[in-house]
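For clarity, chains are labelled A, B, C and D in written order, and residue numbers in each chain start from 1.
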Amino acid sequence: MEAFSDGVIAILITIMVLELRIPHHAQLSALQGLRSIFFSYLLSFVFLGIYWNNHHHMLRATERINGKILWANLHLLFWLSLFPFVTGWMGENHFAKAPVITYGVIDLCAAIAYYILLRLILAEQGPDSVLARAIGRDVKGKASPIIYLIGIALGFVNRWLALGAYIVVALIWFIPDRRLEPRPSTEEIGA
Amino acid sequence: MEAFSDGVIAILITIMVLELRIPHHAQLSALQGLRSIFFSYLLSFVFLGIYWNNHHHMLRATERINGKILWANLHLLFWLSLFPFVTGWMGENHFAKAPVITYGVIDLCAAIAYYILLRLILAEQGPDSVLARAIGRDVKGKASPIIYLIGIALGFVNRWLALGAYIVVALIWFIPDRRLEPRPSTEEIGA
Amino acid sequence: MEAFSDGVIAILITIMVLELRIPHHAQLSALQGLRSIFFSYLLSFVFLGIYWNNHHHMLRATERINGKILWANLHLLFWLSLFPFVTGWMGENHFAKAPVITYGVIDLCAAIAYYILLRLILAEQGPDSVLARAIGRDVKGKASPIIYLIGIALGFVNRWLALGAYIVVALIWFIPDRRLEPRPSTEEIGA
Amino acid sequence: MEAFSDGVIAILITIMVLELRIPHHAQLSALQGLRSIFFSYLLSFVFLGIYWNNHHHMLRATERINGKILWANLHLLFWLSLFPFVTGWMGENHFAKAPVITYGVIDLCAAIAYYILLRLILAEQGPDSVLARAIGRDVKGKASPIIYLIGIALGFVNRWLALGAYIVVALIWFIPDRRLEPRPSTEEIGA
């Protein structure tokens, strides 16, 4: 399951860069027109990087899975697979209101899907598992959907406020979940 | 073989999303024109998810492979590789009759290829293998091609009946094959 | 090295299918215009499948690698990476003379690259290795470049003769190298 | 982490080949127009091959990772992900000045990102680790950014001088880092 998810996220990250269409002329000024697309790509690269990072740590601490977990994982991948679309739409339209709000909605759905996946995995491991103790109260996981919701609402007033909210979530998660960080070991390498 | 197949299915799932072309304007209404393509994508995402899921469980319970099995696996991947094409054709034409029927034909070919692969794997493991006992009478595997055939035939009368038949197959398989579900174990993780 | 090569071949196989452009109308007749592209795709799918298959078996029987082998492997992947291009060019132009000859040249380069890779791997394993005994005189490996050369020459006379020669090579290799087929074992699975 | 990075690099290498657009006519002369794009692709294929090669050897000699290393790795992958864009831009514009300089800037950023990643990994392994002894003074790693800087500066005078500098870096790295080459072992295979 980890190899498959890693594969999908790796492909999504790489497919997004195809939105950076090659300019037809060779002046440096041609790159200016790509600024919005570049920043949109950068933002989504960070988001997908965060998902990969946390997903990776979560599965490392997971000892048992079941059929429901496999489907919850596919559910998460489905929402992540819409990132290239919303990233391109937002970038090509220079962070216009509708794409920025839609971007937040996809972010929100992915965050909820991640939350569901985590809960199902926790339920399978039992209350005394390494993962359960590592996750603890899961403040980040609960705060993210709420911040996204606030961001989406703010987007109807001002799109930059919405973007600000999304960036706040990115910053919250940027630091990999120390709770789940594996004890350094040779096994970590060569996965 | 599992890593290669997982890779191909991961790429196919992700390539399909490229059909969701980015609209040139930034109104939310632009998303309405993509509804058919979105639902077509969703349907194929579920189908490929099911194949990945069952393929994964099947190989977990497989102890020996041979050259025929490798080719039967490539044969299955060939039909799966046509999913992005038929998915896009069906979605872009708002589930018109010809694409819907063609979609069913590809579904049917993939189902037959999966059946052949399973039979070859079962033959290699022997009649008393874990897999043979887990598969049992394989009602799902035998019913799927028949339902697809009925769906294709119905498609000539009414395309929605055909789509209904395909969705019935999806629902049948949605629940991962409990028969093959591995006993929860650490090995399952980190594959 | 095996995971990376498998990844590249999986992506190449899947990228080729993007050449099957989605028709803009929904009649079944639209598929007729895609016949050449479809057969071109099918041929290259088989070729890449053969390379994956033999590459997989070769690496399974390989016990030691070195820096030269890593580069010889990248050299092979380079020629394989040109398959989507020549496949699309040949298919879109209905097997016209120039693309068919170019296709053979890329086939030839890949076959030579495979031969070089095999020789370097054999040299590293030593004359008494499992691989050396399994490969034996390597009639297939030596015959393939010669048949490609004949095919390319014939292509200047008649393109169908060239295609015939390429298909002969495919048939020769179709049967996975029994010499290298691993003794059935649990290790084979879960790679 | 290695599987994910290998996946991203494999996809980047393969996506670059999509820039080799299929000509609309079937004369051999059509290939002449693709010469620049082909050489641009070849150069980037070698660069990404070098990164994969060294990255692979570095991680093989790595025994412990931490959160910072995961992000430094994503940082490297970000710059590598811009290779298809700059490669295509440089190739389509027949190695014009602006794209050639931009190509060098991306090369430089990737080289710096690799250097940071290596330093963080070395710090985690400790001064007496296998990796620290193998890397030694790291002349190549320190020389590369400097040569890139010189190349970028030369690019403002003459683009071919810039390209020459980039090729010098490629040649320096072409030989895989013998320092890190693993003792030949069965473990190397089947990674």
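Everything that follows uses one rule, which is that a contact is a pair of C-beta atoms (placed from the backbone, for glycine too) under 8 Å apart; a residue touches a chain by one contact, two chains touch by 3 or more.
In this text, all values refer to a predicted model and were calculated from it rather than measured experimentally.
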item: Chain whose average C-alpha position is farthest from chain B's own; value: D
item: Equivalent-chain rotation between chain D and chain C, CA atoms, steps of 5 degrees; value: 90
item: Shared interface numbering between chain B and chain A [over half = same, under half = different]; value: different
item: Averaged-CA centre spacing for the pair chain C and chain B, given as whole angstrom; value: 26
item: Inter-chain centre distance, chain A versus chain C - centres from mean C-alpha coordinates, in Å; value: 37
item: Junction residues of chain A - those touching two or more other chains; value: 3, 7, 11, 15, 18, 191
item: Chain C-touching residues of chain B, taken from the complex the two chains share; value: 1-4, 7-8, 11-12, 15, 18-19, 59-60, 62-67, 70-71, 74, 77-78, 81-82, 84-85, 88-89, 92-93, 96-99, 101-102, 124, 191
item: Contacting residues of chain B [partner chain A, same complex]; value: 3, 6-7, 9-11, 13-15, 17-18, 20, 22-28, 30-31, 42, 45, 49, 52-53, 56, 174-176, 178, 181, 184-186, 188-191
